[in-house]
Structure formats: structure tokens, C-alpha cells
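Next come the structures, one after another.
The same chain A turns up in both complexes below, where it pairs with chain B and then with chain C.
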Partner chain A sequence: MKRGKGERTASQAFSDVVASHLGGETITLCYQCGTCASSCPVARVTPRFNPREVIKLSLLGEKDEVLSGNAIWLCCSCYNCQERCPQKVEIADVIYALRNIAVKEGNIPNIYSEFAAGLIDEGRIVPISKFLEKKRPDFGLPPIKPTGVDAVRKILAITGFDKIKHEKEDAL
Partner chain B sequence: MKMNEVKVGVFLSDCGNQLSEILDFNALTNYVKGVSDVVLIKRSSEFWRGEGLRIIVDAVKRGKINRVVVAESLPKLSEVNIVRAVEEAGLNPYLVEVIDLKDHCAWPHRKTPKEATEKAKAMLLAATERAKLLEPIEKLEFPALKSALVIGGGIAGMQTSVDLADLGFEVNLVEKEPFLGGLAARAGRFFPTDDCAICIQSPASDVKAITHTSRKCVYRSGFTEIPNLKIFANSKVVGVEGVPGNYKVTIEKKPRYVNELKCVRCDLCTTVCPVEVPDKYNAKLKTRKAIYMITPNVHPPVYVIDESVCKFHDCSKCVEVCPTNAIELDQKNKRITLNVGSIIVATGFQEFDSSLIKEYHYGDYPDVITNLELARMIDGFGPTGGEIIKPSDRKLAKKIVMVQCVGSRDRRWNAYCSGICCMISLKHASLIKTAYPDVDVTVCYIDIRTTGREHEYYYERAREMGVKFVKGRPSEISWNPETGRLIVDVEDELLKRLLELDADLVVLAPAMVPAEGTKELAEILGLELDEDGFFKEYNAKLRPTETKLRGMYLCGGATFPKDAPTTSLHAHSAAIKAAKFLTTGKIVKDQRTAVVNEEYCGDCEFCPVTCPYGAISLEPTSEDHIVARISDLLCEGCGVCVGTCPLNAIELRHSRPNQMLAQMKALMSINGTSKPLILTICCSECGHTAVDSSGMAMMQYPANVRVMKVPCTGILQVHQFLEAFKAGAQGVMIVGCKSDGCHYEVGIQKAEKKVELAKILLKEYGIEPERLEMFNMVYIEGDKFTEAAQTMTERLQKFGKLQLMGGS
Partner chain C sequence: MTSYALFLGCTIPARQPSYEVSARRTLAKLGVELVDLANMTCCAPPPVQSLDLETGLSIAAYNICLAEEADLNMVTLCTGCFESLAMTNAMLKENEKLKARVNHILSRAGKEFEGSKEVKHYLQVLLDDVGPKRLKENVSKNLSSLKVASFSGCHLLRPSALLKFDDPEKPHIFDDLIETLGAKSIWYRNKLKCCGGLLRGYADDVALAIAREKIVNTTKAGADCIVTLCPFCFLTLDLGQVLMKSTFHEEYNMPILHYSELLALALGIDPTELALQFHKIKVYGVLNKIG
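Right after this comes the complex of A and B.
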């Protein structure tokens, strides 16, 4: 018998969407053993994130709950779960895929859209304050060079990253 | 009768006039009359039994005919009867050709009777042309020794040995360890009977101490004393030569350093032996001497010296005290040759190395143990006398956590479910709870699998006894140096709560993997392993204990982890299969094999590597080049070598290229429909029966579709597809088994490749490659065949008539 050749049905449509995104390919392998959850340092401190639950909800097609909630943004990308998963589900990568889908659908937490805006406008994620710039010589650090924001913008345009901000605005 | 004169008799069954409502039998009879070499035509309601069959037999007996063509329904059933009767009448059965005018013609074309009649003519012509070219095939006999080699002395090997020995065969049982019993002996108790693991069925010999119903420990079952059973412990198979029925097996017997005939088990040697080492058999929970026995009740009941630690002549204390002079420190490796007719592999399985799963720290923390190690503790004969202890400080374990699926259902190691570990853990949990009700036992599981008879009751009993269950696979086991206890991280999925279970003892339930040395043995025997490394059976559904090599069988855990009841079933099955093979002392087989034309053959190595049965060897000839030689004993007549040979130097005796070509031309010689002719080449296995089932269910497809049978699609060569077009086919369909379901292992895959290649060629020639198509189906997919025939017809109608340059 050939392994892993199951046929898809319409009810799995959402997991198909996830599986067709980069990083999401392995989602259907999950058999809910919970190794990820008990490996997860975030789940240890907050009940708001449980990787097993995120995967389960996705497999069940609970798209709205997954995409509009905060859970997928709480993963700290330590990859502990991915190392230990006995089914080789690339859990952290699946969560990246889910984040990408969420963004496409306009579900992006403010902090991330601020990061995106910073990158597009300034070429940096973390804004540089006047105070910090003044302090740098005290520590023997050279002044911060300009980022070459035009080049960054070009890359962001080619990769489609710049659309993230607009989509966010459209969605609002 | 002149020697080469061909006289064909054609027998048309109208199935009790059912067929004559569709087919014009007068037209058919008249047509066949005009076919050369046809000397007799008869029509009856049936020819495969009764009066009809007597007509055939009579014609054969009187020498009127020497080729028989029968158009009969249900040919796969009727052919057996017809062929048998013809053979009894004195004609070689391979000179008979049976076709099915009902399911291949009248039924599927019942709405177009005129077209069906024309197709029937073509079918009769094809059968007659083929029959004329058929040649007699002889029965061959090969001698087979009435003896067997059984490899592995666990329960599978012992049970199959008892069966074969009881049936009177000479049996040689080879066990690589110094003692029999295998993994089972270490398991202590078995589910679902809770009885001892070393208990086996007694031989059926008529001895005072043994009754038919005896079920006893190996050492007192009488098993070891069966006269026609030889046991070679501490031995392994190092070489196998020969063919089914006549294998020459070389085994290497390691020195035991104790004479089996002299030792009286007085135990003086172990008392004086100064070397003390951790006892691996007993999970290193106790020590043993350099001279030892694993447990008191084993076979052979003789000590063995561990040569890796013994000081031999520098010490010799055991030699000095032995009252029977049984200790022989100068014993050497011995090579023994055995001649056997059959080989049975019963090498079993072993625990997966849990230390590979780093986060469980097996091997780092002494209090993390495996199921087999726990089994030794539970065993009253074991190192702790039945007490469950923490190996680190040997104090009693009060809290035990069991972890399921360690290395199984784990795509990093073994993707499969080992199937028996849930039951082993439930058994252990219950045994612990029975003996020590106060001990806290928690089982962490992904899914509890208790699918066997009475197995669910183990789960029920465990819950009744207070065993706790946590649904969740632990992510990590850590050790708290302050408390000296273990911590198991697990999510209780049902509570959605992360737990940190503390434990004195963590018991892992490791996957069961192929026994050590499985790969090497498979190479020696020429057997295949599956992707998990277990021995591969011939057909999991129908021939679970057979291999594709006649004379070699498998049983027990060698094919997959098994519990004791299944292992017994398997062992008995292998024994009956081996007995069936050996019982007459000869192998009788039709010479339905491939034959090499040595004039053309030479110096390539394609066929030996392609043959699924290892039947082809390369041998040097006097003309200073090598040619292929085919073993009539090993060849199964599939024709994969024929399809592979680049020089057309190989032919099948029962399916020669000229026979196929004659059939092809005849089928394409009459159309009678307005549709483009399609030649369908089917394998004789699933492909042809799919056509049968489509006709039997009266599914309708057009009569331009003509069917020709070959043993396996693997026989086909690219030029044959082109010949079909040249013969007048507008399209060619190849119908074979499923890609992974070829009855000859690789034939369909070879055919698929050739179709791909032929398509490229067709394109080069300016012919639409879609005129050639491959289809895979099984018997029940008659609808798939009907659909394929219709689709192909429509497709070809769109393409229009095929123009071949210089073609006929």
C-alpha cells in the first residue's frame, strides 16, 4: 500500500488552503498527540496559545476562529515542537502559513502592521528615537547610517510585501 | 497422421441458444469453414462439460483434430475442465485455445448484433491462427528433499518446527542465541491468557509423558526430544546455495565451551567463576558470571561461557570443579552443512533503541526503562524476584508512568503502529496493580489500541484497578536531582492542561523493529524486505506466510510485530505451506517458461536484474561470451525478461511473438463497424478479468474494441505497439493491474515505461501519441474498462483515420 495518499473532501477545504501555502504542507499529518503543546514554552505560561489546538481547529475548518484570534501571533518560533513532532508536522512553519493567510484576509495585529509600516516608510522595523541617536557617542557607537529605504522599498514591492499595509487599510 | 499437419477443431457454444439471439451462428460457422486448417466445426449449448465435452474428447481421441479452439462462456472456469479432459484424451493441454464469445462479444455488444457477429468472426480467426502456432508444453519434475530449515527459535520457530516434525519431515532449528525462547521468553507472561511465555504446544508424538492436549514449558514439553528435530543453538545461517527443494545451507555454530551431552546442571561452575558482569538479559538489574544460564528453565539446559569476559586458561576454575568434565575451553567455531528442501524464516522482532529519542533520556537516567526490562522485574524468576524497583537506588517504585508509542507511529523512526505495545503496557499495569495495589500507575497514550479478542477487557480491568490514563504523548522526561525523581511533561488533551507528572519509574513502550541481522539474512536468502525492514510476504491478503520464492516461507514477527496468538497462527500456516511444498518429494511444474535464443543473446545484463524471481543467470559459453540461462524451476512465465531483452533473444514458450502477431492481425482483419478499430492488450490477471466483469454485467461498449490476452503486460515491447498500428489498429489500449498490484511484481511498471517511450516514438512518426494509452484496473472495475473503451473510441473518431507511410 502506498502511504499518505488519502483523498481530500470539501470539508477539508481550509486545511487544503493551509497545505497549499509555503510551510503549511504538512498540516494533514497531525494526529493530535499533544507533544507540541507540552513542548511549548508559550503554552506553559498562557492558556491563550496551544499549538495542538491551532492545528486541530484548522483541520476542522474553523477558519474564522483561527485567523481572527490572537493565538497564531503568540508563537515564539522556538521550533521545539517541530523538532519533537512524531509526525514531522512542521508546526512552527504551519503557524507562519496561517499568519500569512490571516494577513491576506486583513487580520493583522496592530503591532505587526506598525512593523510593516516602519519597514516600508523608514526601512526599519524598530524606529530610532532622537534620544537614542544622541546617546550613541557616549557608548562609542558611530551614528546610524541611513537604511537605503529606496532599495528596501523596491524589494518590498517585488515581493508584494508593500501590499500588506494597503490590505490592512482596505480591510479597515 | 503427418507429423506437422495442423488440424483445428472449432467448438462454438451458443449457451443454450442465448448467444444465437445476438450472434448469427450460421454466418460464424460458414466463416470458420473458410479458415485454413480448420477440419471440424461443432455447435452445442455448452462444451465445457457433459455431452459437449465428450464431443471434443472424442474428436481428439480419434485423431481427427490436434488443435482445439473453444468459444465458451466463463472461460476461466470452463478452460480448466476442457484442458483437463483434452489432456486425458491424449493431447497436450497447451494446444487448446479458449475464448469467450459471450462476455467479450455478445453481451457487451447486444445492441449491435451485426457488429457483434463481425467481431466474433475476428475473435474466432484470432483464436484459430494462434492455435495453429501453439506448441506442446511438457510437465517437469524436480526432486525436493523432505527436510526443512527453520531460522529462529522463538515461539514462531518452535511452533512451526513442532508442526513439520509431527508431519514427519526432518527439521533443523537454528537459533542464534545460546538458548531457545526468543523475545517471548523474556516477556514473562502473555496476553490475552496471562500464562507463561515459554509455554508451547507439545508435539503429537505417542510418548508416555506427553498427551495430545499437553501445553507445557519448552523444557518439559518433549519438544526438544522429537527424533526428527535437530536444534542448533548459538548458531547462525551464514550461507545458502541451491534452488527450491534443494538448498545447501551453511550454519556457523559458536562454541558453547560446555559439552551439551555431559553437563548435568549442578551449578558448581557458576559458584566458583570469579568473573561477574551486569546481566543484560535481566535488564542489568543483577549480575551474572562468565559461565551462566539466562534463567533456570531454558533449553538447552546447559551452561554457556561468555567468551567476551571469560579468562579461559588463565582461570580454569570451572574446569577444576566440574564433576562431569563437561567444560571444554578449547572448543572452536564449527561450520555445519545442511541439505534442506525448504526454508522457514522465523527471526522475529526486537525492541527499538529508545535512546535514539533524546528527549526521553533512556540510557541517561537509570529509572527510565523499557517494557521488556519491566517484564523482567515482574517475572518471579527475574532479577528482583517480582519486585518493581527504581534501578537507581533499588528502592521500591511507588509511582510509575508509562509512555506509549516510543519510536512507533513516529515518522522520524518507524511510521507504523507496532500493534502490541498497548496490550503489553495494559498487561504490565494490571499485573503491577494486582501485586501492589498501592502503586500508582499512569499510562500516557495517543490512542489505546486493543483490537484483539479479549483485549478490550485488559483495558477495562486496568481502569477498574485504578490505573490512570492521560491522553497525550509526553514531550520530555527530566530528572530532579534534589528529589531523585523523574518528571514527565505531558499535555492532558482532554483537560487541555499541561501536566508535570512526577515518577519513581518511567516505563517506555518502544516500537518493535526487525530483529538484529534481518538485513544480512535477507541478502543470504535472496528475500526482499519491506520499507520498514521486515521480511516481505508474497501477498499480505492471500499468502501471508509465503515469499515469491517457492520453498521459502515466513512466520511470526519476522514479517511484522505480532502477539502470541497471531504468531501461532502464522507459524502453523507456514508449516502447512512448507509441508504442501515438500510432501511429495518433488516439484511438478509445467515448462511454461522463458527460453533464450543463444544465437542472438550475448553480453548484456538486462534480463537477470529484471527477473522478479531470480530465475536468470549469466553463463559463459564456448564462444567467449556470456549468455542468459533461465531456470525452468524458478521461472514463473511472466515474460518480463522478454519485454526487457533489447535483442529479442528471449521468448515465452506459451506466448511467442509470432503467436501474438498472428492474433493481432486476425483481430484487426475484420471491422464490421463504422468505428475505428482498437486493439486492447490485456494481462491475463486483473486486466483480462476486468474485461470479463464488464461483459458479465452487460455493460455496453462498441464492437470495434478487440481484446487480446498476454501473460503479463511486462512482456510487451515497444515495437509490438507499432506492429498493432501496422496491423490496422487505429488505437491501442494496454490494460494491466494496478501500478502497485502487478501479480508478477514489476511487469506493469515495465509496461508503463514502454508505453511512455512508445508515445515519444509515435510523436516522432507524426502519429498522435494519444492513440496509445495505458489503463490500470482490477477485476471489479468492469465499468472502468467500459468507460475507457468508449472514451478511446470517441477520441479516435476525432483524430480521424490513421495514415501510415508505406503501411498496409
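Right after this comes the complex of A and C.
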């Protein structure tokens, strides 16, 4: 297929989407040297994740494979790759951008739906233990102050994040 | 007296009273006051940033606003909270456009981020407000026979461009503060590698394989214990050893201590007052080595 001057390929279109997303701005700087993969603690123990591959597939426009696969969720956010990238690709942040895009498209792992639910319901992703809350005076600890869950809900309403949980519920 | 707004976070009150007790007791003894503010929330760590980074930055900024309103700098005990809050603080202070974007969101919650306060980790407060000299003067126990494998957790150091805490490849501050207490901080293979904790719940097998490397490497190096600064690393390595026993039939019994617990012991605080019973891997071996 012949393309007219200035027309964007599918791969360029997807990398443009990633690059315009908060955190994804540096993706196109990647020259595939693999410093990230050799610095990655996850890639050391499993073939299921390789940061260089995630970036490559994204640059090639393999949108569906990237957004619906497991790989983007296997980054442990340690930032080792990002510290060492000679091209200053903010790899961990690019992966956040890819996750954010995946979530917007409805690809959200169950555990992350639970995090979202915790945030909406309690303003926390790890619930306070009622057992330990009662025990606090025994350890000389002051009572836990109330959580600002109303403020969180107001923030979530404007960023559209509160829809994540509802979409998930609708899908069930 | 120096005062800080305490950002307690979720994991510590949910699971680790020993961290909170030791942190409060040590800071009180060293003349740092903690103020518990109402209406703090989740710090918006990587799991929230993964869902929506803009939401994560906004929630983190909201919490910093509470400290700004109270005219206090903020201290976190959790390395994860430190990263979320300190990173957000730095990003918004450096980037006017992003700050305006976040402030637009925060206006709904009646807040405005100014960028007038610092976010520090507990360790940084010990370093800046107490200092190694005064720490050393307050040590009343002998820790010289204790070999410590330090593990700060990734998010004390990285992303270094925003956190600016220590050299991300050759950090020394944490090790120095362990040696200030009289213990020996030892080298072990892949010391700076992650504990894998953030993969718990999504890929438990991968998380456990990474944690196992840390336990194997510290065991091989002859450590008496691992000392951490992060409740999530603590959980991954402490509870992780129970899982390693059931999954791999391997028993290491490597005690995991928070730095605040080690400091509390060094300052002579009675171990029976530190809620140490919440450790899965018992710490008697460490207590016996402290003279």
C-alpha cells in the first residue's frame, strides 16, 4: 500500500498515543539496546516479561498484543531500567502509560480492580485491620485518624477513575 | 523541637505495629515530634499510578496539601509512600503546567498544592534532624557482633532524578546509618535488586522467585538479619519465607527487621515493648547478639 506524504502508519499512530500520555513521552527515544532487559529483576526469573520487548512491540504498533497481554503488568516498578537507560527512556513510566491506556480500554487485571474498589470505598488500597486497630492502645499507639475518603471520591470523579469499578461491575 | 506531619500509610497500620511503635518511640526519644493529621488517604503508590497516573499524582498532592495547611514538613515510614509523595512533590514543584493540571483536579476537593513543604523518609529525618553524631551518642547497646544485610527498598533511591536521596547505583547513606549503631553492614550479591513485592497478588510465583534470590544471597553472605525501610519489602521477605517453605520446601529463618526496630534496640528500648511478636520469622537470634 502506498502512503501519501505526511500520512501516519499504524505503528506511528500508537506510539503517538503513548507519547502523548502522561509518563509515555520518551518512548520514541528507544534504540533497542537491551540495557533495560539486562537490568530487570523480573526478566532474570521469567521469560514472561522483557521491557525491551514491550517497548519494541509498542513502537511497531502492536497495540492489541501490548494492551491485552500480561507483560505490561509484570513490571515490578523498581526503576532499575529507567536509571540505566542510555537514551533516557523513562521505561517504568512508559509502562505506567501503557497500563493507563489498557485500563481505559477495559483491560484491567482483577487485583487492580480490587485496588480501585478499595480506593473508592475506603480511600485506601490496603484496608485497616479492625483487629490491629483495637489492639493499638496495648502497644501505646494513638487511635488512627479518619481517612479523607470524601476528598478521594471527589478527585476520582473528576479524573473519571470512579468509572473503572463500575465498568468492571457492568461487565460481570 | 522539630515537628513533622506523620504520613502513616496503609500497610503499617494494617499489618506492622512493630514498625510504627519503634518509629514513634525512637523519634520521641531523639527529640522529633510527630503530628497525626486527620483526613490523610492512600498515598497513591504504583498500583494506583498504574490505573491512572494523573489520579495518583492528584491523591498524593492532596495529602501534601494537608501538611501544607498544617505548616509542617511530612515524614513517611514506608518507602512506597515516600516515593509516591516525594516524587509528586518534586514533579509538581518542577513543572508548572502539571501543577496547574493537578490543582484544577484538587480544586474539586477544596485544595490547592503550593509546593511549600518537604516530604522525607524516616531515615532522612534521622540523618537531617538528629544526625549520625547524636545517634551514636544515644546508642546504649553493643551491636558489634551483628552482621546486617541492608535493603532500603527500590523507592528510597529510584527514580533518583526526582527523589534525589542517594546515589542509585552506589548508595551509602543507609549502610552508614547501620554502622553508626555499631553493627556491620555487609555486602551481598544483587543488593540493589528489587524484592519483587509489587508483583504480589498479580504474579505470586514471580514475586516469590525474586524474593527468594534476596533471601538466598543474604544467607550465603552470612547475614544475621536483613534490615529494611519499607513495610512492603518487609512483608515480601518475612511472610515470603513462610511461602518459600511451603512452595520450595526451603527453610532460611532469616530475620527481617525494620531499621527503626534496630535503632530502638540499640537505644536500649525494652524489646518486649516493640510488638516484635508480629514478625513471622522470629528475631531471638538478633536479640541474643545485642549486648
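Note that the second predicted complex is superposed on the first by the 155 of 172 C-alpha atoms of A that agree within 3 Å, B and C clash if a C-alpha of one lies under 4 Å from a C-alpha of the other, contacts with A are read in each partner's own complex, and residues count from 1 in each chain.
Note that a contact is a pair of C-beta atoms (placed from the backbone, for glycine too) under 8 Å apart; a residue touches a chain by one contact, two chains touch by 3 or more.
Note that this is a predicted model, so its numbers are computed, not measured.
Once chain A of one complex is fitted onto chain A of the other, the partner contacts of A:V149 are limited to chain C, with no touch recorded for chain B. Once chain A of one complex is fitted onto chain A of the other, the partner contacts of A:P86 are limited to chain B, with no touch recorded for chain C. Of the two partner chains placed around the shared chain by superposition, chain C is the only one that A:T46 touches, whereas chain B remains out of contact. Comparing chain B with chain C, more residues of chain A are touched by C.
Of the two partner chains placed by the overlay, only chain C lies in contact with A:V103; chain B stays clear of it.
Shared-chain residue A:G34: touches chain B; no touch with chain C. In the superposition on chain A, contact is made by A:A157 with chain C only, not with chain B.
Overlaid on A, the two complexes show chain B and chain C touching the same residues of chain A, namely 44, 80. Every residue of chain C that touches chain A in the complex is listed here, in rising order: 8, 10-11, 13-15, 17, 20-21, 24-25, 36-42, 45-55, 58-59, 62, 66, 105-106, 108-111, 154-155, 158-160, 168-169, 190, 192-194, 196-199, 201-203, 206-207, 209-210, 213, 273, 275. For chain A in complex with chain C, the residues that touch the partner chain are 22-23, 41-42, 44-46, 48-49, 70, 73-74, 76-80, 82-83, 90, 92-93, 96-97, 99-100, 103, 108-109, 111-112, 115-116, 118-119, 123-129, 132-133, 135-136, 139-142, 144-152, 154-161, 164. Residue ranges on chain B touching chain A, taken from their complex, read 359, 405, 409-412, 415, 446, 471-476, 489-491, 493, 496, 498-499, 740.
The touching residues of chain A, counted against chain B in their complex, run 1-3, 29, 31-39, 43-44, 47, 50, 52-53, 80, 84, 86-88.
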